[in-house]
Every structure is written in structure tokens, then in C-alpha cells.
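Multiple structures follow.
Same chain, two partners: subunit A is paired with subunit B first, then with subunit C.
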Partner chain A sequence: MLSRYIIRRLLIGVVQLLGLTVAVFFLIRILPADPVSRLVGMNASAEAYGQAQRQLGLDRPVMTQLAAYLGLAPGQEAGLLQGSLGTSWVTGSTVAAEIAAYLPVTLELITLGFLFAFAVAVPVGMLSALRPGGRADKGVFVYSLFAGSQPEFWWGLLFVYVFFYQLGWAPPPLGRLSPMTTPPDAVTGFMLIDTLLAGRLDKFAEAAHHLVLPVAVLTFVLSGPIIKMVRQNMARALGSDFVLYANAAGLPRAIVARYALRAAMAPSMTLIGILYGFMLSGAVLVESVFSLGGIGQYAVRSVLAFDYPAIQGVVLVITAISLAVYLLLDILHALIDPRIAY
Partner chain B sequence: MGNRLTSMSIGAFLAAAVAAPVLAQEILILAEDVPAGLNYDGPTAAIPASQQGMVTLMEPLVGYAAGAVNDTGVTLSDFATFEGRLAESWSFDEATLTWTFTLRQGVVGCDGATFNADDVVYTFARAKSVSGAAPIGWFLSNVGSIAGFGVEVFGDDPAAKELGDAVVRIDDYTVQIRQSEPNQLFLPVLTIFGLLIFDKETMEANATAEDPWSHDYVNNTNAPGFGAYCLDTWTKTEEISYVANPDYFAGAPDIDRVTVRRVPQSSNRVVVLQTGQAQLVTGLTPREFDALRSQDGVSVGGVVGNENLFLHMNFATPPFDNPLIRQAIAHAIPFDQIIANGYFGQATQWMGLVPSSYPGFRASAQFSYDPEMARSLLAEAGYPGGAGLEAFADAFRLSYVAEKESTLGPIANIINTALLDVGIPASLDPLPQTQFGDRQLVKRDLPFAVNDQEKPIGVDAGYAVQLFFVSPENGGINNMVNYRSAAVDAAWAAARVMADPVARTEAVGAIQDMLAADVAWLPIVEYKTQWAYSSAITGLRWYPDNSIRYADLTMAE
Partner chain C sequence: MSTSDLPAIAPARPDWLFRFGVAIVAVVTVLALIGPHIGPYSPTLTTPRVAVPPPGLTQIPGLLWGQITGTLPYPPHWFGTDVSGYDVFSRVIAAPRTDLVIALLANGLSLALGVLLGLLAGYFRNAGTELLMRVSDVMQSFPVFISAMVLVALAGRSTANIIIALAFVYTPIYIRLTRAEVMAQTARGFVEAARALGQPELQIALRHVLPNSLTPALIQSSVTIGFAILLTAGLSFVGAGVRPPTPEWGLMISTGANQIILGEWWPSVFPGIAISLTVFGFAVLGNALERRYAGG
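And now, the complex of A and B:
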């Protein structure tokens, strides 16, 4: 039953991706900007402009461009159907290779950020719900308000100032490794894994050290809403009939709390899934503050330069990951709550 | 490159074994960006960070001699004197319009190839092939009137894309280049990044049947040339590092290794410089440079070179077609306030329409802040106190590049307030760079804008005049304000081919007077190009492309 559901979801996902691809293709072309002038510079002649326009294929009718992008133009360049996301107009590299370089940086950053945020939020949210109005609950209220009241880039700059510049505890915000350190060969693109695969514990420690501040910022900012969500769902579960019955039956407090937590987790997981999809591109400000070349920075650079193939590639990949995360969440829901049937 | 690096390492080890230990000099530079490509005929040619990579790895035939050192310790360029770079000497035959270059011998590139005439011929042949995404090499050759580099190369005839006999190899170390007409821009264009000389041997070794001119290789892997540094590592848009070329024609650079790291946040570049972990930073805001000026251990060097700020008023959009309105606006601008608050004193009022450092500049624009005069001119134009101008509210939307908000935002605000003060209904309209560029270059329909990004790459007042003020049908490539003057067009057509430099300078000066009288642009300030660096670093020199030549730098032990 579940496998049929997954297959159906995957098929729907493909249709969604195709629809989005076509929509993005046309949307970026109706924006009032010209990628050719950026390419040739402001001082190029009309002939140079025309040459650049031909090179980008922008002199062709728009439906021909779409057919080429989708890979439906026989005899021409490879397109989506052939597994090609095209070539970046800014760098001349393939979009797939660039995304493969940028995406792991963001995935590493936000996955660690979410893991730590989750590790902090669940016990704190539980504690807060178990004693409403207590010290822990009041502390959570202040913390959530405090962490969520300022944008993450501001916290990032503040963390850099305090922990790098003033205290000297953190490394400079210069990326995943010190500029003077030779990075290991990129196998997975995840620096923590690649340093281990290369057997370089010193570089692993350095990479982990460089991640401490950006992950701390993300954890700080993300844990606020997750704590609130866990607390509210937990409080609701604790007030439900089945908890009342469990208490009346004299079950130990820890077991009752575990039952309540299980009931509270499903909606919290939904929030985490939505936040994860959002942070794929939303972590751009943290990436920028810490000079981490992630997918968010790549997306922003591509949009500002009107690099059509890169924009289309980023949208496609981020959407595909978000769909995969949502699918995973639905499966987790089913595992957490046996009442859910597909 | 691997072998070369290995031999360098062995050499360094042996030297250390027999002599007193010598510490390798390394510097870390933090910048807004690092090269996204190294191909001047490729997709990143217009990006300054990519140009910085090109001039580090490659060398031109000729350059400008060093000039005076200014009060901040930065050496200027002497635009009146050309000096040989890869060319040792040259001569010009006026009768045949042919330049004969004698090339340097014994110059070795990073991949072990020895520089000779074949490299020069290859470079021009590649430019004429117009096979890259943006044909900058062809464009510069065309600007310098090299024979055969006309617009016919963009037609269907493949023969028009072949080099022909305009650039010929005489022997291993002699090359001749022929012009189609007298044109004093020939030597200036040879100094520009778009005609840096390639290492033919390495380029051809990396060519493919689909890409015979090795664009992919130069876009993505390396730019093989005969420059001061060799590429060591390069992660696009993240980091690039170079090691010194021991066979550089001017001798091995003082700094052995240069690493350039992309740090998007300018405030982070500042704090890392302050801690001493980086030695040089670029692309700060005027406020940040100003704050660093008083820091111990940090120097801020700057030069009023070719960066400027002007007000763009489109002649095709009423009421900017009214000379009295243009003059009224010219007298409503608080120049001193902009210099003090927008640039923290690191700018001067721009008195002309071409960079004042360029040969042929004439101080022809003498506008002063006089709000009373502005009001009086508005009344004379039929808009007393600005009454009636509200009909043009859309035209008075003052645009600027939104990505430059931290620098241009305060300045646009000052101008906006000053215009409102005299009765002009201005408002602010920040636009994304690409949209700004589209409307400026392609549509040419931007009515009113603050612009700080026009730097003519040809160091010549005449080149700037042709670029910005000649009508498009007569060669005005970037006439963004739709300025049309038959007198200016005719005067430039005559001046362009004048063989006598004195007569040409006078003619170009007269054109600048006409432009100022028409307020073709409203020049506001020339601001300093600035860099902040460790006080241990000396030798910084300004070049008109605003890229640093790392080989100029020395660092105290």
C-alpha cells in the first residue's frame, strides 16, 4: 500500500516539476532585464551584442528555446530529457556541476542546524509544556521572542563580532576551511565527510570549527519556532482524553509523557519539513555572512545576473529536494501515527 | 604546471639548504568576488573580478610607464609614456600605417612555453575568430583600427574571420600589425585586458574539435599566458590562488603566493583585516575605508583615477529636452555635501565629462551649487517654484543600482532632497543592476539616474567622447542619454583620424566644451578608487582597469 502511495507521489512530483520548469522558463523571460548587456558589458558595440545574443541562443523564437531547454530539439544541444541542466551564462561551467558543488555546502549547514535545533527544541518544548507557567515555560517564551525578533544575518554579524573579533574563539568567517588550507578532493562535496574520507582528522576538526558559528546561528534562530510548536502540541496532547485516561489508570509520568510526545511530534515534523524546504534557499544570508558558497548564494548570484539556465536549474533542484522531504515526512507520519492510511 | 611547481619547490629547498633561510612571502586578499572565468572573449569578461584574474596570469604587449607617487603612497600611471611589456620596442611607418614590434626573448610561461611571435599572431587570430561569447578582443582591435577587424567578421563568410595579412610574423621575435586608417587609439587598446597575449602552445594543447580556440579551457581551467603569476588553485566564485612565475619578464615577483578569497560581507572583510589575518581588502564602502584610515597597522591607499558619479538625464524624455531644466538641475546639486557625506572627503567635484586623469581632458564643466539660480532657471523655463513639473513626476524618478544601496543610497537621497528643495518633484527608484543595464544600454529609456559605473577602458578623452556622446549611427556605443549633436558628430569624425596629436587634443577639447554647454551629462564627482591593506605592504600602483598587479607589491618582513 505504502509503495503504491510512494510511486503515485513520485509521478505527481514529476508532473509538478515539469509544470514548474515551464512556468519558470517563461516567467524569467518576461522580467524587464537583459542578460546580454551584462554579458558583453555596457561599452560593447551592436555587433558584439548580436554575437553574444547568438551565443546564448536568445536570437531564436522563445518556443524553440523552450524545446532546446527541454531537450526536444533533435540534433541540437542536450536538454533536460538528456539529463542536462545547461551551461551557466556567467561562468561557462555546466549548471549540474555548479549545483553539485554548491548544494552540499547548504545541505551540510542546514541539516546540522536542524539537528541541533531539534535536539534543543524537543526537550525544552516538552519541559515547558509539562509545567505551564513555570520558570522553564517563561524562559522559553523570552527565548523564542528574542531569537525570532532579529533576522539571522544580524545574529550572524553579531556572533562574528563577539566570538571571532572580540573573544577570538571562532575562526574568521572565510568559508569552510582556512584560505591557506588545501581542501581534500571533493568526493561527496560534504566537507566533513570528505575530510574523513581523506583520512585528515586535522582538516575535519578545522571544517567542524568553521561550521560552529554558522550552525549556532541557524540553531539559535530555528529552535525558537520549533520549541513553540512542540510546546503547543505537547500541551494539547497532555490535555487530551487519552492522556487523562492514562493518568487515571496510574501509568508512570514518563510513559504518559512519551505517549503525549508521540502525538505531538506529527505536526512538529510538518513544521520542520516546511522550514527545511524554505531554508534550502533561505539560508543565503547565513551563507553570505560566513562566506559559505552555498546554493542560496548561487541562486541569488544567478538571479542578479539573469543567468537563465542557472536559475532554472536551481529552482528545479530545490523543488525536487522539497518534494522529497515532504514525501519523507508523509512516510514518517505514517510510522508515528498508525491511524494514517494511504 | 605540476612539474614546474615541483622544480620550484626543489629549487627553494636547495636554496634554503645552502643560504640563510628565506621566508616565503604569502598574502591573503579578501574581495567581493573572485574570477568566474578567465576568458576575455568569454562570458565573464565584463566582471571586474574576472579581469583581475586575467591581468594576473597574462601580460600585454605594451603598457603605461609608472608615474608619480601620490600622497597615499599609490603610484600613478603616466599615460603620456608607453613602455614595452612583452614587446621590447616598436616603430611605426606612417606611410603604410604599419607597426613593427620587436618582442622580448627568454620569457617563459607557466607551462614552460617560450614566448615568441606565434603567440601574438595566435592572440589576434583568436580575437578575429569571434568564436567566444563576447568578442572583446575583436572589439578592441576594431577600436584601434587594425585592418580587417571590421563588422564583416559577423557575416556568413568564414574567410572574413581569418586573420589575413594585417597581423604577420616576420621572424621569431618580430611582428607587424597594420592599421586601416590613422588612429591614435592603437597603442592604448594594446594595454587593455582584452588583448592580453595567450600562450599558443598551451592553448592549442587544450583545444578540441568543437572548441578549436580553447574557450572552455580558459573559461573553466586556466588562462595560459606569460604573466607575473601562475594559477595554483581555483574554485570559482570562492577562492583563487597564484604562485609567482620565476621567469616573468620583469623578474620574479616579491610575493611568492597570493590567495584571493571571496568574502561577500564588507564588514567581515574589515574585521579580518583588522585582526591581521588578511593583508589586503577591496570593495569596501566609503564609510568603512574612512573608519580604517585611523587604524594602527592598516593603510588606506586611494587615487582619483577614472571612477566618477554623474547625473543621467535622458534627452528623449521631457522635460529633460529643455536646456533650462538641465541647467536648473545642475545648479541644484550640493556637490560639497555629496563629497563630505557620500564619500567622506575622498572625492573631488568633476569638472568635465571624461576622467580628469585621461589625456585630452578639459575642465569644461563649471557648475556650482546655487539653489537661487536653479529656481530662477526653473521660472525662466516656465515652471516657477516647480509648478507644472508634477506632470513629469515619472520622469523625475531618480534611478540607481539597488545592489549599490550602501554607497549610492545616501547620495541619491541628498540629490533627491536638494531637488525637492528647489521645487523639482523627484523621487527615488532603485533598480536591480540587470534591469538598470537593460534600460540604459538596450532600451535607452532610463529617464533620470545616478550612475557611478562608467569607466572608459580606452585611456583617451576622444575614446570617451565616441563611447558616450556621439550619436549611435555614428559609433556612439553607449549613448545612454540619447544625446544628438550634429556639431559633435562632425567634430569627432574629423578628430578621430587626425595624425597630429596636438591638433587632435585641441579638437577633442572643443568637443568637451560643447558637451558641457549642453549639459550632456551632469558631472558630479570623481571619487577615489581605494584599497585597505596591512601597513607592511608597499608598492601599490593604480591602473585604469582598477585591478591590482600583485607583482608591484612588496611586503616588509
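And now, the complex of A and C:
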């Protein structure tokens, strides 16, 4: 029963998230970094230090801090059970509000990157599997190995140098819109959607223009492993019995290829899920180069500032999204592949 | 899933590609050994010439001649200098030592730990090993880049901590790979034969099953080393990696990044080419090993 499988996965996911949250909680407190001195500075007096420590709640025993964070100590501060992720020690705003502001930026970037990478990789992988051993196949193979091992931040810089500095085609890497443009009201947080909702097609075009280079970088890097996997799965599908039968029955090549493609897509879903989860935090490198202000940059800032609630919040949210993506793709896999029945 | 399952429609790996990968890995290894000493300048000291571009193509023969005859006032900056005055060429060839040492040690540590734990988990399948697998799952569901950042930044930005952080990220992969292979190997006849001879279980596991189960992990090592270099470079790029002025490709790209929109491309481009080729070489090598040895 698919619905029972989903419920089971969701329950396991909640347990996993809880385990992860507690693990991160203890991990960052075990490490020798001192967020209090980071906050009050090197020359603070002992009283200032103590006061800051009380403010951050770090003077309490660790288990008390954990209970407060989880929301098991009601009446004092809201915790996870009440839906609060805490307050950032750096900015003072709630972690939830900050993540809500930064997360859509990253989601917009990687989703677009994946869509384009998929659109490019599937036909290329399919075509090269149909003509195995040919020159195109070898070229595609080398390209997929090459693209998958590239430092994307360097390619981002390279694109900026070539397409902005030399050719002037791309805008300067200063954010999602030009610094002179007022952004539209943040309804969803996705710049492309918000500009459309505000009815400003000029800002939509500008946002799209600013997204071209970062999305191109991601598409390039993601296409490598996706092509490799599609090609491999396609080659396996083409060698299976039903393709042999279809060919023997005289079906045209195009139709046989379509059947094989469907069989090849299913196992590729898992890899795409893993890549998506990896990219959620990995996109920080591209975000930094283009100053997009996504959750990766937020994570870097939080880590370097020893902002514990923010770090915990980011890890929690990113892992939750990764788990949701895995579940979604497993469901998709089950829908595509009739051999899988839950 | 192994390559022997694939029909004869598997693509032919061009042989020159494999030799290319081996050549790159060899060059990087040699540079890791002698790189910091053979450059014209010290990789950690600045020169008085700041933000000098690399020589143009037409100047190179003249410079080479001057270098050979010893008539130049100072050694040429083949890759130019960056905004602080460091000679880019000397730092690019000194960086493999930093990156490769980190990558090799991190991979070695996670390989040793992962294979051992994977062996135990695959051979002795009891409640303890199930717990181990759940813990390993939790470790694997940490977002990779963030967990590496957290470990390094909060434990202190030293080489040792980077190695430990990378090992933390890669160990679950080796555990999973080895466990699968061990479970397959344990079903084979030689284990039953050893048991019939009365050998103790632990000895069977270590003496017979372990050597037969190493192949997937060793093949994965090449790719992991390459990705470890990428991860180190990425960490250093955002400021959660090695400390300046350690020569490291990612750090060099980061310091050169601000100058790129001004048109000074050389401090970032050359280290980037180096990383690009190096990780590609390791990936190619890993792929060739997989084709050769993962047939059974």
C-alpha cells in the first residue's frame, strides 16, 4: 500500500531528524570553539563574559539546554515542539525567519540548475547509449567524467570573467537583481515568481538575466554525473529481453528507445535525489561567487560566527528537505516502475 | 551491480584517457614531494612586485633565454603575482603537498575505519552491527559541506581537523561498500570450508573474508581522493579551510576572486586549472580501475 509506505517513511524520517538534531546539538558543544568570547570580544571583563554566557543560555547544564531547545521546558522559551528554531546570536532575528528568507534563493538556483541539467543530460545520455563505442559516445563519456570533477566556484569565476568582463553579456555578480533595483515584495521568496506576481516583467527579465550564469555553472557540473548514470542505465535497458523482443518484432528504433528510456529513468531517480541533497549545502560556493544570498552563505556565516541556533536550524532544515526529496523521488520511482509495489 | 552484468554495449574507454589520468596523478604526486622547493620563489613569502600579469606569449622565449643565461634581474613570474605579491607559479606547484597530504590521510583514515567497521557489520550481523549501520546512516545524512565546515571551523582550522572532518564524511561510504561486498563474499564456499575446519569466526573474518572484500573500497579510493581535494578547496574558498598563507588551490582562487571583475584573471585561473586537471585525473584513474577490477 503506497500510502502506508509513505507514512512509514515519514515516521522514520522524523526519528532520523530528531537523532540528527540531538547529534548536531552535542557535536557543536563538544568542539572547543567558544561562541561567548566571539560575541563579547577578546578584552571583555569577567562580568561581561558571564552576562553574555547567561544571555546565550550557555551557563546551564547541557541537558537543560537540550530540553529547552527541544521545547520540553515550557513556560520559559519556545523550542522545537512549539515550532521555534530559536534566535540567531548574531542578528537577533528568529532563525526561522532568516532561513525563510534565504532558503528560497538556493532552492530557486538548484531547481533551475537541475531542470536544465536534466534537459541536457537525458537526451545526450540516451543518444550516446544508442550508438555505443562511437566517437560521440567516447566524447560524451570524457565530458561526463570531466564535468563531474570540476570546482564549480572556479567555473563561476571563469564565466564571470569571460561573459561579464570580456564580453559584457552578463550582469556583474552582485546579487539576484541589480543593486539599483528595488526588489518586489517577497511573497514566495523565489525572485522569478515574485516579480511575475508583482506584474513587473522588466524585473522578471532582470532576475532571469542575473540567474543565467549561476544556473549555467550548476547545469555544467550536474550534467556530468547525470549523463553518466543515464548512459549506464540506458545501456543496461537496451540489453534487456523486452528490447530484444521489441526489435525482433520490428518496432521502429525511436519507439524502442522510448521504452528503454522509461526503464532507464527509474534507477536514475535515486542519484538525482542524492545530488539534490548534496547541492543544497554545496551550492554555497556558487552563491558566494555571485553574491546571491542563499542558505549556503547563511550557513557559512553562522558557522564562522559560532552562531549555534542558526547552525542547528540550518542543519535541521536542509536535512529535512533532503529527506523529503528522497521520499518524493522514491515515490516517483515506484510510480514509474510497475515492478515496485509497496 | 558490476560491469560484468552489462551487455557488450558498454562504451569503450579510450586508452589514451587512462594514460592521461595516470600521468596527471604521477605529476601531482611528484609535485607533492618536491613542489615547494623547486619554484623560483618561496610559496609563503611575498615579493615586491604586486599584481603583475603573467608574461605574454611573445615574451616567453626571451625570458627563457634570460633564465638560462642568468641575465635576468629577478626570476620571471611565469603565472604572474597576486594582489599581495605572492608568486602564483610557486604557490600553484607547492599546493599539491597541502591538498594531497590532506586527501591521502583523510582517505586512508576513512578507508581503514570504514573497511574494518564494514567487515564487522557484514560478517557478524547482530543487534550491535545494526546499531552501527543506523549511526552510519545518521552520519551520512548530515549535509556534507556544512558538516565539514562545522567540524573544521569549530575545532580550529588546522590540517589535522580538516583531515578528521573529511574522514567523518567519507567513512560511512566505505562502511556501506565493504559491508555489501562482505555479505556477498561470506556466502561463498571458502567461508563454509573454513568453518568446517574449526577456525574461529574472527580469524575467518580477518584472514579470509577481508582480503577478498577490499576491491570496491580500493577502487572508490581514487575517486574519494579527488573529491577530498575538491572539498578541501571548497572549504578554503569560503574561509573554513586551511589558514593563509598556506599554499592551497582553493584559498588561492578565493583571494584572487575579488580581482577577477577588475580583469586580473591570473591569480584565480591557474590554481583552478590545476584543481580541474587533478581531480579529473583521479576520476579517470578510478574509472579505469573500476573497469579493470570490478568485473567480479
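Operating definition for what follows: the second predicted complex is superposed on the first by the 337 of 342 C-alpha atoms of A that agree within 3 Å, B and C clash if a C-alpha of one lies under 4 Å from a C-alpha of the other, contacts with A are read in each partner's own complex, and residues count from 1 in each chain.
In this section, contacts are C-beta pairs under 8 Å (C-beta built on N, C-alpha and C of every residue); 3 or more make two chains touch, one makes a residue touch a chain.
Since the model is a prediction, treat every value here as computed from it, not as a measurement.
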item	value
When subunit B and subunit C are modelled together on subunit A, clash or fit	clash
Partner chain(s) touched by A:S288 [first = subunit B, second = subunit C, both, neither]	both
Which of subunit B and subunit C A:L145 touches, first, second, both or neither	second
Partner chain(s) touched by A:L261 [first = subunit B, second = subunit C, both, neither]	neither
First (subunit B), second (subunit C), both or neither touched by A:S45	first
Partner chain(s) touched by A:A33 [first = subunit B, second = subunit C, both, neither]	both
Touching partner for A:A235 - first (subunit B), second (subunit C), both, neither	second
Touched partner set for A:V221, first subunit B, second subunit C, both or neither	neither
Touching partner for A:L157 - first (subunit B), second (subunit C), both, neither	both
First (subunit B), second (subunit C), both or neither touched by A:P179	first
Steric overlap of subunit B with subunit C in the superposed model, located at which of 276-284, 384-392, 402-410 or 528-536	402-410
Subunit B and subunit C contact sites that coincide on subunit A, given as residue numbers	31-33, 157, 160-161, 164-165, 172-173, 288-289, 304, 306
Parts of subunit A lying in touch with subunit B, wherever the complex brings them together	31-48, 50-52, 55-56, 88-93, 98, 101, 157, 160-161, 164-165, 172-175, 179-180, 182-183, 288-289, 291, 293, 297-298, 301, 304-306
Subunit C residues within the subunit A interface of the complex	5-7, 9-14, 17, 137-138, 141-147, 149-151, 153-156, 226-227, 230, 233-234, 237-240, 250, 253, 256-257, 260-261, 263, 265, 268-269, 271-272, 275-276, 279-280, 282-284, 287
Subunit C-touching residues of subunit A, taken from the complex the two chains share	16, 19-20, 23-24, 27-28, 31-33, 128-129, 132-133, 137-138, 141-142, 145-146, 148-151, 153-155, 157-158, 160-161, 164-165, 172-173, 231-232, 235-236, 238-239, 277-278, 280-282, 284-285, 288-289, 296, 299-300, 303-304, 306, 311, 314-315, 318-319, 322-323
In the complex with subunit A, residue positions of subunit B that touch it	26, 28, 30, 36-37, 39, 42-47, 130, 132-136, 138-139, 142, 151, 154, 215-216, 219-220, 233, 235-239, 241, 259, 261-265, 267-268, 271-272, 274-275, 277-278, 403, 432-435, 437-442, 453-454, 456-457, 467, 477-478
